[in-house]
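What follows is a pair of complexes built around chain A, which joins chain B in one and chain C in the other.
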Partner chain A sequence: MSLILQTIADGLVLGGLYSLAAVGFSLIFGVMNVVNLSHGVLVLIGAYISYTLWHVFGLDPLLSIPLNMAALFAFGYVYQRGIIQLAVDRSSLLASMLVTFGIALVLRNVLVLVFSPDFKNVTPSYAFNSLTFAGITLDFVRISALGASLVLLTVLTAVLRWTAIGRVIRATAQQELAARLCGVDARHVYGLTFGVSAAFAGASGAILGIVVPFAPPDEAIWTINAFVVVTLGGVGSPAGALIGGLLLGLISTFTSQFIGPAFPNAMMFLILVLMLLIRPAGLLGNAFSGSR
Partner chain B sequence: MPTIDRRRFMETVGSAAAATAVGAPFVRRADAQAKKIIFGGSVPASGRAAETGLNVQNGYLTAVKYINEVLGGVEIAGEKYQLELRLVDDASDPARATTLVQRLIDEGVDFFLGSFGSNIVLPTAAITERAEKPMVQSGGGSDQIFTQGYKYMFGMFPRASRQFISSVAFFKTIQPSPKTISVIMTNDAFSKTNAEGAIKDSKAAGFEILESYQLPEQITDVSSVLASIRAKTPDILICTTHDVNSLLISRQMASSNTNVSLLYQTLGPQLATYRETLGKFANAIAVQMYWDPRSPYKDPYFGTAASFFEYYKANNQRPIAYHTAGGAACIVTYLEAMKAAKSVKPAAVRDALAKIDVDTVYGRVKFTPEGDGDPLLLGPAIGQVQKGIVELIFPEAAKTGALIYPSPKWNEKV
Partner chain C sequence: MLQDGITKHRWWIAMSAVALVLLVIAPYFLSPFHVRVGQQVLFAAGLALSWSILGGFAGYWSFGHTAFLGLGAFTASLSMSFLAALPPLLAFVVALALGSAACGLVAALLAYPILRLRGIYFAIAMLGVSQVLAELNNNLDFMKGSMGVMLPRIAPRSVDPAIYFYYLFLVATACTLVIGFAIKVGRIGYGLVAIREDEDTARMLGVPTERYKTMMFVLSAVLTGMFGVIYAWSLGYITTGSVYRTDFSLNMIVYSLLGGMGTLIGPIIGSFLMVVLTQVLLGKLLDVHMMFTGILLVAMVLLAPRGIVGFVRDFRERRRGRAS
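Moving on to the complex of A and B:
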C-alpha cells in the first residue's frame, strides 16, 4: 500500500513540474494557434538564468523566479513581434512552426557557446533534504517544485480571468476580428501572450534547474513533454495544463513502478495516440474554441 | 595495330609538357613541405555526449600538439612526418556522424579516431570498415562494436560485458562481505551490455542479484526505482549509466535518503563537475577508473602519466579525465603501429595494430582478436570519491586510498 501511495506522491510531484513547463506552450497554442517548437529552449534559458544568478550572486533559484520571468517576458514579446509575427504575415501559421524550430536550433547552439555543452546543476542548501511521513519519502526540491507550480498556475488563472490584460487576451483568442473592432491591438496582445508564455517557461526552467541536471540538448524533451501535456489536458488554459501535467506524471511513475522503468515513454506516446483518436481536443477541450 | 597520326602525337606530347611545366613548381613545393599524417573523425563537441566527448577530443588535440611542437613530429621508416587532425562535431547524433565520416573518407583521410558513445562509434565503424580504413577509439565499449567481425576497428576499452571482471574481483575483497547486488541500466547499447556483464560476473562470483532496473536512455526521474530500492535494499547498487544519468540517480538518492552500503557507478564520479555538484554527497561513491595521473605508466613520447598530466594542465583549462588520456593513447598507438609496419598505408597499419603490444602513458595497449582492449591490461581499476577527489582503491598495486565501506548514510556524510 505504501508503495502505491509513494508512486502517487511521486507522480503528482513530477506532474507539477510538467504542468508548469507546459502551460506557456498551451497558452500560445490556444490563443495564437502557433505550435511553438522553441518552447523547450525557453525553459532551458530560464534554467540557465537561474543557474547564473545562483552561481554568481548566490541567489536562490526560487527567489530568482520573478527576475527570470521578467527577462523571459521581454524576450518573448520581442521574439513574437520581431520574428514569429513576420513569419505569419508573410506566409502562414505553418511557417511559424518551421521558424520556431529553426530558432530552437539557433538558441540551443548559442547556449552551447555561452555555457558549454557540459551539464549544469543548481544545488541550493535544501537540494539534498527530504521529508518522510507515513512511509512516503519526498525530497524538498520536488515538493518546492510542486508548490511553486501550483502557485504560479493559480496566478496565471487569476490573471487570465480577472485582469484587464487577461480579458483582452481571452477576447483576442476567441474572436480576433471582434476584438480589433473594439479597439484591441491584436498584434500587441499576441506579443503579450507570447511574453507571458515565455515568462512561465522561464519560471519552470528555474524550478527544473534544481530538480534535474540540464544541458542544451535537453530542450527537445521539454517541448515534447509540453506537447503531450497539452494533448492530454486540453489547449489554452492553466487548468488543462495542470490536469495534463499531473496525469503525465502519474502515468510516468505508475508505468515505471508496475510495468517497468523502461516503458514510461512508450506508455506516454501510446496514450497520446489514443487521446488524439478519442478526444483530440484533450480532456478539458480548447479553452477558446466555444466562441470561435 | 593501333596507329597515331602526327597531329594527335603533337597534341599529346604538347599537353604532357605543358602539364609538367605548370605542375612542377607545386610538386617541388610539396616536396619541400614536411609530410603529413592526417587523422580524421567525428567527436561530440556539442549535444548530450559533449561533456565526455570534449574530454576525448582534448586527448587527441593534446597528443598531436605535443608530438608536433615538442617532439618536432614523428619518424616513420626514415621519413619525418607532422600530424594533422581533421575532427568534426557530430553533435552527439549518430546519423550526422556517419555523414561526416563518409565525407572525410571521400576527402582522402586514411586513419580514423573514434567519437564518444557506442551509439555513434558503432555506425561510424561500419563506414570506416567498408572503406578499409583503420579506426582506433576510446569512446565506445559496447559488445556490438566488437562482434561484427570488423577487422579495422580497435578500441581502448575491453568490450562492455568484460568490463566487470576487475569490479567483481574488487567486490570479493570487501569486508564485511556484501551479499546482494541490484543493477540500474539505461536502454542504450553500452549500458545494457555493461549491465549484462555485471550481472553474469556477479552471479558467477556468488552474489545474489536482487533486481535489475532498465530505464529509458534519457531519464528525468528515478523516484519509482528508488522507492523499490528502499523496499528491497541491496548491499551494492551498480549503475551502468552515463554521466548525466548517474548524477541524477545520485542526487535523487541523496535527497530521498535512499541508502545502500556501496553505490558503484561506471561513469559520472570521474568528472570534476559531478563531484562539485554533489559536494560532500559524492564522497564514498565508487567508480570505474581506467586511468589516473598517478598511474605508473610510461611511454617514449610523454614520459610518464604525471608528465602527460602536467603538459595537459599547462595547455588546457578543462579538467583532465581518463577519456583524455585514452584519446592521446589512440594517437600514440597509431604511431607505434606505423613504426612497426614501416608504412603509412592503411592496410599495413591495420595489420600492425592487430599485433600491437606497446606501453603508453594510458597503460599497456594490446587488442583482442576482435579489436577491443585486452580485459586484463586495459580493464578498469576501481576508484572511490574521498574528500572530493577520486582515490584508487583497487587493485592493491595501484591503491592510493583505503576503501570506505559501508558508506556513511547520505545524511551523515561530511
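Moving on to the complex of A and C:
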C-alpha cells in the first residue's frame, strides 16, 4: 500500500515539473499552430542559466527564476519575430517545424561547446533534506519544485484570463483575422506569446536543474515530453498542461515501478499514439484553430 | 498513361540511363574512400525516394520512417537463425524478402488507424511508432537489440565489400526510382497530388483516398525495409542504436526538402549534396557538424522553400517570361 502511495507521490511531483516544462509548448501550439521542436532546448538553456548563476554567484536556483524568465522572454520574442514568422510566411507550418528543429540543433551544439557534453546538476544547501509524512518520503527539492510549478501555472492562468494581454492572446488564438480587425497587432502578439512560452520554459529549466542532472542531448526528451503532455491534456491551456503533466508523471513512475525501469519511454509513446487515435484533442480538448 | 509518361519524360529517362552507366563504371575510377561515400549517397537517395513516395507525393510527412528501416533490418537478421543452413547469399535474399514483407505487414496493420491523422499529428504519431519499436527492440531479450546480431559476409572473397554493397545499393535505388516513376506518371500519381493539395476535395471528386494512401504507406514501408536489410548486411553487425536512428528519419525529410519536395530528382540531388558536403567537406569539423546542419536547415526553408528543383524551375520560368 505504502509503495503505491509513494509511487503516486513521486509521480505527482515529477508531473508538476513536466506540466511546467510543457505549458509554453502548449501555448504556442494552441495560439499559432506551430510545433516548436526547440522547446526542449529552451528548457535546458533555462537550466544552464540557473546553473551558471548558482555556480558563479551562489544564487539559489529558485530565486534565479525571475532572471531566467526575463532573459528567455526577450530571446523568445526575437526568435519568433526574426525566424519563425518568416518561415511560416514563406513556407508551410510543417516546414516551420523543421526550422525549429534546425534551431534546436544549433543551440544544442552551442550548449555542448560552452558547457561541455557532461551532466551537470545544481545542489543547493537543502538538496539532501527530506520530509517523511505518513510513510511517504519526499525530498525538499521535489516539494519546492512542485510548489513553484503550481504557483507559476496559476499565475499564467490568471494572466491569460484576466489581463489585457491575456485577452488579446486568446482572441488571436481563436481567430487571427477577427482579432486584427479589432486592432490587434497579431505579429506582436505572436512574439509576446512566444516570449511567454520561452519564459516558462526557462522557469521549468531552473527547477529541473535541482531535481535531476541534465546534459545538452536531453533537449530532445524534454521536447517529446512536452508533446506527450499536450496530447494527453489538450492544447493551449495551463489546465490541460497540468493534467497532462501529472498523468505523464504517474504513467512514468508506475511503469518503471511495476513493469520495469526500461519501459517508461515505450509506454509513454504507446499512450501518445493511442491518444492521438482515440481523442486527438486531448482530455480537456479545446483545440483552438482546426489543428487536425 | 505509363506510355504517355515515358514519351513525355524521355529526356529524363535518357539522362538517367547515362547516369546509371556512369555510376556502374564509377568504382573503377574512385578511391576506396570515395566508393564508400558513393555507397552512402546511394543509400541516402534510396531512403529519401522511399520516403517521398508517401511524404513527397501525398504530403504525409512521416517523422519516424526509421521504424521500418529498423524493423526490416532486425526481422531479416533474426530470421538468419532459421536460414543458417542455406548458403549466405541465398539466405540474404530470403531474409531480404522476409524483412521487407514484415514491414509491409506492419504498415498494412498500422495504416487504418494512423492514416486518419493528418499533418503534424501524423508526423508525430509516426515518431511515436518508431520510438516504441526502438524501445521494445532494445529491451525485449529475444530481439537482441541491445546485444546486437552478427551477420555473415556475402561478398565473395575476391571482391571488396565496399564495392559489392555499392552495387547492391545502386540496384535497390534504381529499382526504387523506377517504381517511383511508374507511380508518379500513372493514374495513382495524380490521385496522390490531389490528396496532397486538398484531401477532402479529392475524396469528393471520387479519388479513392484511403486506398491510395494505404497502398503508398505499405509500399514506402516495404522499400524502406529493403534498404534497412541491405544496410544491416553492409554493416555486418547491428544493434538497436545502429538501425533505429532518428537522424535517418530526419535525413529522409531534409534531403527531399533540399532537392525539391514531391519530385523524383529532388531527393537524389539533395542526398548527393548533403552526403558529399557532410562526409567530405565537414569530415574534419565534427564539433560544429550539428550546428552546420541546423543552419543549413533553417536557411533552406527560409530561402528556397521549394528546394533546388523549385528554385531552378522558378528561375527558368522567370527567364522565359522575360524573353517573351
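As a convention for this text, the second predicted complex is superposed on the first by the 287 of 292 C-alpha atoms of A that agree within 3 Å, B and C clash if a C-alpha of one lies under 4 Å from a C-alpha of the other, contacts with A are read in each partner's own complex, and residues count from 1 in each chain.
We take it that a residue touches a chain if its C-beta (ideal position, glycine included) is under 8 Å from a C-beta of that chain, and two chains touch if they have at least 3 such contacts.
As the structure is a prediction and not an experimental result, all values here were calculated from the model.
By the touch criterion defined above, A:7 lies against chain B but remains apart from chain C after alignment on the C-alpha atoms of chain A.
When the two complexes are overlaid on their common chain A, residue A:151 makes contact with neither chain B nor chain C. Of the two partner chains, chain B is the only one that A:140 touches; chain C does not reach it.
When the shared chain is aligned, chain B and chain C each come close enough to touch A:109.
Looking at the shared chain after the overlay, A:262 reaches both chain B and chain C. By the document's definition of touching, of the two partners only chain B reaches A:121; chain C does not. Of the two partner chains placed around the shared chain by superposition, chain B is the only one that A:221 touches, whereas chain C remains out of contact. In the superposition on chain A, contact of A:70 is made with neither chain B nor chain C. Across the superposed pair, chain B and chain C both touch chain A at residues 109, 260, 262, 265.
By the touch rule above, chain B contacts chain A in their complex via residues 44-48, 50-51, 53-54, 92, 187, 213-216, 218, 220-225, 227-228, 230-231, 243-244, 247-248, 251-252, 254-258, 273, 277-279, 281, 410.
By the touch criterion stated above, chain A contacts chain B in their complex at residues 3, 6-7, 10, 13-14, 109, 112, 116-119, 121, 123, 127-130, 132, 137-142, 212-213, 215-218, 221, 252-253, 256-257, 260-262, 264-265. Residues of chain C that touch chain A in their complex: 61, 113-114, 116-121, 123-125, 127-129, 131-132, 135-136, 138-139, 246, 250, 253-254, 257, 287-291, 293-298, 301-302, 305. Residue ranges of chain A in contact with chain C, taken from their complex: 35, 83, 86-87, 90-99, 101-106, 108-110, 113, 220, 224, 227, 231, 260, 262-263, 265-266, 269-270, 272-273, 276-277, 280, 291-292.
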